[in-house]
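To keep things clear, I will list the structure first and then write my remarks on it.
As written, the chain order gives the labels A, B, C and D, with residue 1 at the start of each chain.
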């Protein structure tokens, strides 16, 4: 445990969950026995509970988004490891509403299997369950990768909009459809100049030579499939924005919500400088930047990089995005 | 012979004995094709399941229900066992329990067939693998197929022997397959010739209805001998 | 410019301000000519405007706290450099209310001089102006340091509480007194395991040997005066908490507001684990943790460390802390 | 001689000439005691001030007002000049302008004395240094003192000569002081024997009312000679 601040590296996640519950008492409850974080004040109108989860190390995702207007519960696994199906099953049972529970699942093999097993178990108990699979990361969009694109930044935007939609009283199938539709219109791409610190030994998980960037990193500290020379920010953001727009093919005059997301240790100065370049490029490309969200939302421990996410939206979805939310990490 | 709770409990306990007896071989298979923890995962699951059966005090009520031991085992595998395979076994036990419930208080051959079929479907839904991907599906699918073909009046113990034969056939096929799902998929051709450990686990389950398996080598090798025949 | 994401290192701050204004349009306005960020929707009841500023590189401080319930304007300088007195003067003129303007100034020589010069100029224009000097950092509490303790984390808590107090219609002298009183009851201490990345060359500003910590770092990337062996988190937080409590000497049953502040690149997992230790220690010391704020509030670019701030409070101050706020970085 | 706008404008312009003529020496002083930018900071400020005077078209209205050039210079120093000393000079000019305004349209000796006094007070409030800390205060304070002692009927030009003498005396004292404020404070005893550059700047200002200073050495050395006298 060289550079992490922890009692011991094994206790970091559970200690953090204790501290999270302390800092946000009144808002969330940490169920230690069953391993989930649950909203204390949900939205009474909801017919469907929203639940997500995944490896830890991506904070504020997912625990930071538990609360009114977003998730009813989140199941954190160990660092970068899927939660156990039992956590998901128990949390789902605990929060399910009249019309069941919707699982928001990032596309990673472990998460898929564990959420799917929990769904089987819920079905056995007669609890309706559906899944939204988030697969926005363009770097993993390749014929060679049978498992499909990874799920990254889109998760936050989908959780927010589905949360607001659930609060209007939509049913399970309608929410699952909306989630699938949003996901199909949402893509992300990430770049990093330094790896995260490995919790075990305090060393960088991998080395990036000075003046190089990894282009297309994921959120588990994996290398990207491409190294590029560290280029000035305007060139880099243009490369990323065009990658996104090529994939999304926005119709003329389309509106987008943008997420400029820090992966762990880039500064807000950089994030806002990125936002500036993104805003100028979208302008030049005739795309309307309806809303932008800037900050650390989906991290990869302390990786030094950022991701850009664009979501093509219609008016009603912007209204859902703007709807009130009261969670530890997002409140308005 | 009555195929009640005593039968299913005996089946699970023998499965436990089989896994403990063959654990080193299971470990070796997963070392060649994966990360080497399959024997430990399955062994730990069965130790916990047997302990849960020992502890179970529901014997009084609905004592005859064949479902109960299957249910207990399902919960243990779903709740406590790690690795990809643990919860997949749990799903299979869960579906076997449901089908046993439908035909309570005794197990029937059509019930076994339906439960195995439902277990296969659940594993396929969850793991998103297809037959031929070199997973435990390649043992479970022929076992389900064999059970489906069994006449309704065949006793469950005989039906399970048929299922085990189907499963072993599937296991031996996996040695010739290229893994496309799970950890083994990253290793590509390097593991051809090696059977899939998860599939072996499935075959052990069905084979244990009849007795305890203590050695894998002959069961894995059989096919090679068959092939050597002209 | 090795590892910062920027067009060029000189444009980072101004580009970030552009992006900030874009991301938070409707909330703030960036006055490029005069170099300040100003709230678009203030609190109509205020008789006194609140203004702060200082070097950039501490984001979200100060620009992130401009808005209803906190600052009327903030003046960012270059990275780690005081804003020019003209920025402060112009911003103060632009936002001053009937009863003038209150400057919230972190105790650094450059900031002191520039705010004081602006105050002289405001006096010449007949605009009432007073100052709250923030000097909470215990690491710089020494007889040898004539300039006094540095201003760090307390700034955020003081800005929040004064913002709410200003919204109740308090006058300039009352607010200045409240600010001085709060500051006298607020202390901070910080530790780091890695320096920030120097914007100029992309290298760590200084080296900390593996398994060592700098104990008592400031927020300008300066070394601390002490290196200690990297100890487990419970021991470290105990050392820090006791340092704070020894200085604050809370009476039995006292209430505190705690700020667990990331200096740039520590993870939320670590911040929450720190919160857990702090909570347990305060419990054991008989101090009531009334509120806690966990996150990146006052950073030192991407320094890998954290600060703890404790503020002794009375009931009414907790209510002011809880009052609504609507800024880029703090909203409830 | 009328001490109107022409007089104050001439004074500022000559101050600019003095600073440009002595910039290398000022730079060297700040290199020994600080970061070496004092000459550049002050020089840049005066270049801007002179340019602003050239540009000024307010000559028509209130043409005689001695205040105007002082005001223009104050704004330039406050708004545009960096370093610690720049805005401090700006404060002094601001207070001189206010006092000139009080006695408009012409400068008076009591007005000069009051303005210098107010400038000193502002610099002390802002910089929080005391006399003896080896800063420009050590020249400004004796200049203010000298002006305070001037009889009310002494003309401003003669009063400023007296102020300059006081300031140079203060400058020479600074060579024996240990810096306690500003950058020089970190260097401790290493800079003893070197006069404070900011103090020299103040002395240059007062000395320039009378003409242009082109060389510092004799003014800094005088005291040494005095000391050598028995």
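Heads up, the rule we're going with is that a contact is a pair of C-beta atoms (placed from the backbone, for glycine too) under 8 Å apart; a residue touches a chain by one contact, two chains touch by 3 or more.
The shown structure was predicted, so the numbers you read here are calculated from the model rather than taken from an experiment.
K.L.:
Touching subunit C and subunit D alike: which chains?
P.N.:
Of all the chains present, none is in contact with both subunit C and subunit D.
K.L.:
What's the farthest chain from subunit A if centres are computed as the mean of the Cα atoms?
P.N.:
Using the mean of the C-alpha atoms as each chain's centre, the farthest one from subunit A is D.
K.L.:
Roughly how far is subunit A from subunit C, going centre to centre by Cα mean, in whole Å?
P.N.:
29
K.L.:
Provide the C-alpha centroid distance between subunit A and subunit B, rounded to the nearest whole angstrom.
P.N.:
That gives a centre separation of 37 Å.
K.L.:
In whole angstrom, how far does the Cα centroid of subunit A sit from the Cα centroid of subunit D?
P.N.:
Centres of subunit A and subunit D (C-alpha means) sit 61 Å apart.
K.L.:
Please tell me the distance, in whole Å, between the geometric centres of subunit B and subunit D computed from their C-alpha atoms.
P.N.:
From the centre of subunit B to the centre of subunit D is 95 Å.
K.L.:
Give me the residues of subunit C that touch two or more other chains.
P.N.:
If we look for residues of subunit C contacting two or more partner chains, we find none.
K.L.:
Going through subunit D residue by residue, note those that touch at least 2 other chains and give them in order.
P.N.:
none
K.L.:
Considering only which chains touch which, label the overall pattern as line, ring, star, complete or other.
P.N.:
Looks like a simple chain-to-chain line, open at both ends.
K.L.:
Check the chains against each other and report every pair that touches.
P.N.:
A-B, A-C, C-D
K.L.:
Within their complex, state which residues of subunit A touch subunit C.
P.N.:
1-8, 11-13, 15-20, 22-23, 56-57, 59-60, 64, 79, 193-194, 202, 210-211, 230, 232-234, 236, 260, 264-277, 279, 289, 292-294, 296, 299, 301-302, 304, 306, 331-332
K.L.:
Please name which positions on subunit D make contact with subunit C in the complex.
P.N.:
78-80, 82, 84, 87-88, 90-91, 94, 98, 122, 125-128, 180, 182
K.L.:
Please output the residues of subunit A touching subunit B within their complex, sorted ascending.
P.N.:
That would be residues 84-86, 89, 109, 112-114, 116-117, 119-121, 124, 146 of subunit A.
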